[in-house]
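For reference, the structure is listed below as structure tokens.
Just so it is clear, A, B, C, D and E label the chains in written order, and each chain counts residues from 1 on its own.
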Amino acid sequence: MKDLKISENDVTQQPVKIAARDVQVYYDQTHAIRDVSVDIQDRNVTAFIGPSGCGKSTFLRCLNRMNDTIPSSRVEGTIRIDGEDIYDRKVDPVQLRAKVGMVFQKPNPFPKSIYDNVAYGPRIHGLARNKAELDEIVERALRRGAIWEEVKDRLQAPGTGLSGGQQQRLCIARAVATEPEVLLMDEPCSALDPIATAQVEELIDELRRNYSVVIVTHSMQQAARVSQKTAFFHLGNLVEYGDTDDIFTNPKDPRTESYITGRIG
Amino acid sequence: MKDLKISENDVTQQPVKIAARDVQVYYDQTHAIRDVSVDIQDRNVTAFIGPSGCGKSTFLRCLNRMNDTIPSSRVEGTIRIDGEDIYDRKVDPVQLRAKVGMVFQKPNPFPKSIYDNVAYGPRIHGLARNKAELDEIVERALRRGAIWEEVKDRLQAPGTGLSGGQQQRLCIARAVATEPEVLLMDEPCSALDPIATAQVEELIDELRRNYSVVIVTHSMQQAARVSQKTAFFHLGNLVEYGDTDDIFTNPKDPRTESYITGRIG
Amino acid sequence: MSEIPNPAAPIADPRGASLLVQDARTAKRNRAEGRFKLYGILAICIGLLMLLVLLGTILSRGTGAFQQSFLTLPVELSAAKLDKKGNRDIEDIKKVSTFGYAPLMSAALAAKVEKAGIETGLKPKQMADILSKDAAAQLRDFVLQNTDLVGQTIEFEFLTNSRVDGYLKGRVTRDSIANDKNISAEQLDLVDALIADGALNKRFNLDFITGADASDARPEAAGMGVAMLGSLFMMLVVLALALPIGVAASIYLEEFAPKNWITDIIEVNISNLAAVPSIVFGILGLAVFINYMHLPSSAPLVGGLVLTLMTLPTIIISTRAALKAVPPSIRDAALGVGASKMQSVFHHVLPLAAPGILTGTIIGLAQALGETAPLLLIGMVGFIASNPPDGIAEGLMAPNSAMPAQIYEWAKRADPAFYERAWGGIIILLVFLITMNAIAVLLRRRFERRW
Amino acid sequence: MSDFFNSITGGGLAILLLALAGAGYFLARSRALATAGGDARRLHSLPRYYGTNAAMTTLLPALLVLALWSLLQPMLIQSSVLDTIPPSAVGEGASVNLVMSDVRRMASGLDLAVAEDMLSRQQAEGISADAPELQRIFADLGVALGGEFSPPVLAGAQLYRSLDATGHVWRILVVLALALAGLVLSLRVSTADFRARNMVERGIKALLILAALLAILTTIGIVLSMLFETLNFFRLHPWQDFFLGNNWAPNFRGDSDLSIMPLLWGTLYISLIALLVAVPIGLFAAIYLSEYADNRIRSIAKPLLEILAGIPTIVYGLFALLTVGPFLVKVFGRGDQGLLGVDWMSGATSVLTAGLVMGIMLIPFVSSLSDDIINAVPQSLRDGSYGLGATHSETIRQVVLPAALPGIVGAVLLAASRAIGETMIVVLGAGAIARISANPFEAMTTITTRIVSQLTGDTDFASPETLVAFALGLTLFVLTLGLNVLALIIVRKYREQYE
Amino acid sequence: AAARDQVQVAGSSTVLPYASIVAEAFGENFDFPTPVVESGGSSAGLKRFCEGLGENTIDVANASRRIKENEIAACAANGVSDIIEVRIGYDGIVFASDINGESFAFAPSDWYTALSDKIVKDGEVIANPHQNWSDVNPDFPDQPIQAYIPGTKHGTREVFEENVILAGCEATGDFEKFMETAEGADEKARKKAAEKACITLRGDGKSVDIDGDYTETLARIESNKDGIGVFGLAFYENNTDKLQVATMGGVEPTTETIAAGDYPVSRPLFFYVKKAHIGVIPGLKEFVEFFVADEVAGPDGPLAEYGLVSDPELAETQSVVADEKVMDGGS
């Protein structure tokens, strides 16, 4: 694995949180992810970039086994979180997903009130002892999701009645509320305006202090701004993985270079 | 209307395609759009920018009366396209929408094959005399949507099985296929990678030669790149409207300035 | 790899715990999950078990009806008796009533007994009692169709009496006939001898599937065929009316109707119609279709119309639920490319709602197929032993019964042989139903898709 | 001339109209295309819409007038014929309607006679009542006459015939003229700019509305067909007893206690038990099928369960009486010999027996419809929940079911409706004793079974014992209406719109 | 359009089997199509009969009771004035229990004492205390009382109340006691109240109304072997392998004893014909004549063989039919 070696050379001081080896993903016949091996570090932000349809979402979904919900998909290879194989038969995907939260590409608020949307995770995981604590958790999550000011007066209004960007931030708040160790974000800012984007980026930066964050983005600028590590995918392959600065200033693979400079897609 | 005056001062040589006057939109009690008056020119790209939830989508939907489908929404004021009031009782919203195409914020392909997704519009508008012509239209639209290469081998596969960005481009292709005079695009590139974004921007530029394009975007860069006119919305108000260059280099309203420089949201 | 504990994290946080070991809370939740799933499996199993029990009961009681005992005898179609004028004119032969055929049969049976060397103390008339009361009619029908055979001796398969048939099927035993004045032990001796001779045997009974009803005195001759056609024509009417009208009404209410009190009234009304006892639809049908519109009574057309009214609410309710479930973004997408509301509904929403619509149709038709009460009032329950209709028009207008009505009638009749036929009829009804469902299920599967 | 019109029967007219409509379709289509220079793209709508519009404009008004005319003509003719009949011709105790029906029957007899060539047209118009052959002709033709054969009736019949013939001619003329006018009009407007699609869609929408109104018509029909008899009932029987009494004991000799209360109680009780069986089982089955089961199991189990809805109810009834009832007695009855050692249940027929069996029948109503609804909940909502670490069942309970609630309520309502309307299972499974008791092991009965039995019995049809069926039906109708309004309000309140 | 070509009959489900046997034989032996015989009960049958004249109304109504005055009036109001009443025979009503159970020899008073809601004991009107048949009559076995009697909509129920319960009430002398205790302005009202007291049956489940048909009664006896049910004679005769019949007043029910009037519980069966339809509906007259012909309805005919107690005065009925003699009350 040529790509992998690059990344191994660049290990920083952080321990490895997620280690993927030779991951293959198939949708029925389609081979969507080929031979991807990558080490994602703790207390770091890792960005996945690459042209549309290259498999970023697919790979991201493997990391918390959300792929299990797509009947046609099949995952091969091993992915370890904290050294434990998450595809092990003994692993409970539910527990895994509590640990590895996710924000989806399309905002998908529940058809419930804004409050209930956020309180949902803490409730099922029993994170709050009482209503007051829950209120507090919800408020903190909404603040971190940079949406508190907009919705604080209508917490009981349905989450589906928000604008696209508001819905997306609500989903971020919802994911943050369960306090995951790893947060997977699939283009979390694509529906957001610059200010909200800045707020989310700030949040990501804050999260980085305790958690590992993986973010899919189409914006090189964003990747450059928020991430420490960047992985470039192309046609299902992990082409290059390394320190963000290196990737953007000094890409090793010609494909990466041409993508960053805007020549392939 | 202070804002309007600005825009009127900046009229370029292009004729006015859409003229909105004192538009108000309500969702039940919520006053989502206040007193918006704007002239959108033909053969031009107009960008709507503004923080999330400020009413860009809402206003955009007014322009082809997609708001009619939300029972709680109410539109006041006049919007004229080519001098004809589109809210006139005699106007057929269907005909209007054939003339004013739309790409939605969330990709929403039909659960049909990719081919049928694109062919649908031309079919119901009788744009093709025979199968060969239809094939041609579909291919051209998919090419313009910058997705032809990815899907040309699986035109009969379901449109819903594509990746998020592919779905969005499919929706663009679908909208382009009916050859509208005005194309409304609600954050068309938010799910797209830079290359696809560049292709769509190229398409927008190409469309501009014949049509009027209105695009909602969160990316200032994009607005600056593709649009000739920019409108800045804030809390339902049209704060400022004018030549894109002016808006970005020399905003007249303090709110515009702080948004562009990233201070309000 | 262990994490530094996070002081800000709340108490129940499983932070840092191994994924390979389930924490207590997850284990508890997983047990709840297991239970939940188990309830689902249990529910399905209960449902299927009940189905199995019901089908088992039906099959074990009803299969007998598809078998029938026949006695094969050489009969001399004596020209002297049947065609007294000797000109083989069908009109003249018709004049001989069934009473005129009875002696031919007794004679034939007596001859057979003699030829086979069976000893019996019975008189020819008593011997002939083991034959069905329908036997004479059988023979007469045959002769009327083959007048050229008059004067010859033919081998003819006669139906036997229901008691004899029951004896062959084990329903009637020598013990059980102790008080029975319809059959005697000597007659059973004769039956045994004829079985030994090979003249009397049991075989598959096609007439049960194709024939018409017979009166109470002749259970062995009763068949389901004509009633089946009656049901078929009714279902055609129901399908042709209830499905389009139901879907049309649902489309209007769900997609076009302004949401105001008028549509509320219609909506409530429709759910309410679903709760109207089916016999009330019979009252309505009698008043409107027969007394007011002067349609013929006992006609499958009227039955179909009544059942249409009865099924409509079921179809409308399920169709509306299905339409409601189609995501609004699909409608937006269609409108956005310039489709009219109507086109968006017919091109996109309706196909997506098709599985739900078909489910409603399956359930509605199943209900209509098995319904008796409303038919009672429009004259489709009773003794309607007409011939199979010649064409669609006659099929719709000529008096006919329906399968459930026929079953209901048979179940009421005194002779236990009818009871067996009622269960047999239920088997036919179910086969009919399953065929009907299978078509709809196949269709439904083509439309099913999660988006 | 009149021969020509006579030769156009109802069917003939319909064919003529259809032919006109067909011609309209093709003419309008090609005319529209012609105005657009043969280029369909320049048309406002697709060419077929122009054709359909023309066919529609030709057909619909003509059919509407035809229908109205056919409805009104007999009434008008009747009133003018009645004017000519002297009051003396209306026999004692007979009503005007009776005479009128004789007139009609005789008129159709005369028509028949003409058709069969037994009378010439002139004869039919001029023949007098004492003509000897008339009686014979009528008998030959099979014309039943109620009253005496009187000259005024015959005169009335002759007038009836002539009016009818005139009406027939005019009807054909007017209808054809309308159709032609529609055709010409629609052809004239079929130009490129004409909004043909809008017109066609307006037509389709009218049809859709008509379909929805059919439900209202049915309701009106049901109410009307029961209202008069209900009023008759209340004329014979005190309403206080019916609504407020607590005893149901119809009696041949009259003077019966006919109170709805015990029946209503039985209805609610049995339906409740049935729903307690059907809703959990059905809902869990639906959840399992749509969420857990793989496609193969689902595609087998769902249709299998649907068979339960199609098994004739008489089978369920016998099942209740012969299998479930005795089993329950074995469990809950027989004292020390029973399985539980209790003696709560003596007979096989009870509320519980009927409720259980009815519940089984209703399983597919809940399971199949709910399965479809649950299946329609977008996958993205499930993903959102899984992504937060929710288990499958938590997702179902807290996200999927609430989103599917309106549809599920609809399914449950349908099941409840069916439970209220069921007869055979109750007759055989629940016994026929009307009483108010909370003990589920006792026999009870329901309103619907009483309607059926009172209506199909041997009692005198004008007696309160028979008429009570109508009052029961109408009351049940009003009650379920109330329940449905309630359900609507509840669903409105909890309705959640996804996406 | 030509008139409807088959005879249409509707009404009582008790008459239905006989009517269908006749209809079948008629269809076989005449050139007319087999008549359609609908069930639905005497009430519904007569109602449709009285709806008017013409081919969309029925020709013949079967009834297990005589037509009532107000029904005749309702008929007349709709133009159905000339009605021919035809009595076809009698329906025997028998009491039968499971073949393997105990045998019974009843008197009407036993049924009254077992089933009435209130009985007189030691001069007091008390709620019926009897639980077992042996409480009713020491000669009876110690078997719980469980009676399956026709529902109140059945014509049979009327006969049961009249000939068994009321007769029993009078036989035990309870009737007089009820007369004494009854309230009422005059003799007639008191008598009515007393009758009502006699025929009000207990509601504690010892007596179960059967609203279905005899097969249901049979099914109930099969599921509860202690049960005793009320059946039609024809039904019993077809199910002698499952049922044993009880004697009433010492007489065993057979077609002969009933025809002779020895067996007390039976009822006449009728059908009613629209005279106006005779000669109009093809085959109507022939059908009616065939129905009452000796070889059909006579003591040796198929109807008797099936269980109908043939009318000793059949000849009179035949002449009524032959002369198309309408009922009084008609014009």
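Please note the rule applied: a contact is a pair of C-beta atoms (placed from the backbone, for glycine too) under 8 Å apart; a residue touches a chain by one contact, two chains touch by 3 or more.
Owing to the predicted nature of the structure, the values given are computational and were not obtained by experimental measurement.
Where touching is counted per the definition, the chains common to chain B and chain E are C, D. Fewest steps needed to get from chain A to chain E, stepping only to touching chains, is 2. Here the chain at the heart of the structure, going by C-alpha means, is D. Here the two chains linked by the largest count of contacting C-beta pairs are C-D. Put simply, the chain farthest from chain B by mean CA position is E. The distance from the centre of chain A to the centre of chain D, with each centre set as the mean of the Cα atoms, comes to 56 Å. Centre-to-centre spacing of chain B and chain D amounts to 49 Å, using the average Cα coordinate of each chain. Between the CA-based centres of chain C and chain E the separation comes to 31 Å, rounded to the whole angstrom. Rounded to a whole number, the gap between the C-alpha centres of chain B and chain C is 58 angstrom. Residue numbers of chain B whose C-beta contacts span two or more other chains: 94-95, 106, 124-125. Touching two or more other chains at once are residues 197-198, 378-379, 391, 394, 455-456, 497-499 of chain D. In chain E, the residues that reach two or more other chains under the touch definition are 13, 39-40, 44, 212.
All chain pairs in contact, by the document's touch criterion: A-B, A-C, A-D, B-C, B-D, C-D, C-E, D-E. Touching chain B in their complex are the following residues of chain A: 27, 49-54, 57, 105-107, 150, 161-166, 169, 187, 190-199, 218-220, 259, 262-265.
Those residues of chain C that touch chain B in the shared complex are 259, 328-341, 343, 347-348, 352, 449, 451.
Across the complex, chain D meets chain E through its residues 93-95, 98, 101-102, 105, 112, 139, 141-147, 249-253, 255-256, 318, 321-322, 325-326, 346-349, 427-428, 431-433, 435, 442-443, 449, 453-462, 465-466.
Contact residues on chain A toward chain D in their complex (touch as defined above): 64, 66, 69, 71, 93-99, 101-104, 106, 108-112, 120-121, 124-125, 158, 160, 171, 174-175, 178, 180. The touching residues of chain C, counted against chain E in their complex, run 94, 97-99, 133, 137, 140, 172, 175-182, 214-218, 290-291, 294-298, 376-377, 379-386, 399, 409, 411-416, 419.
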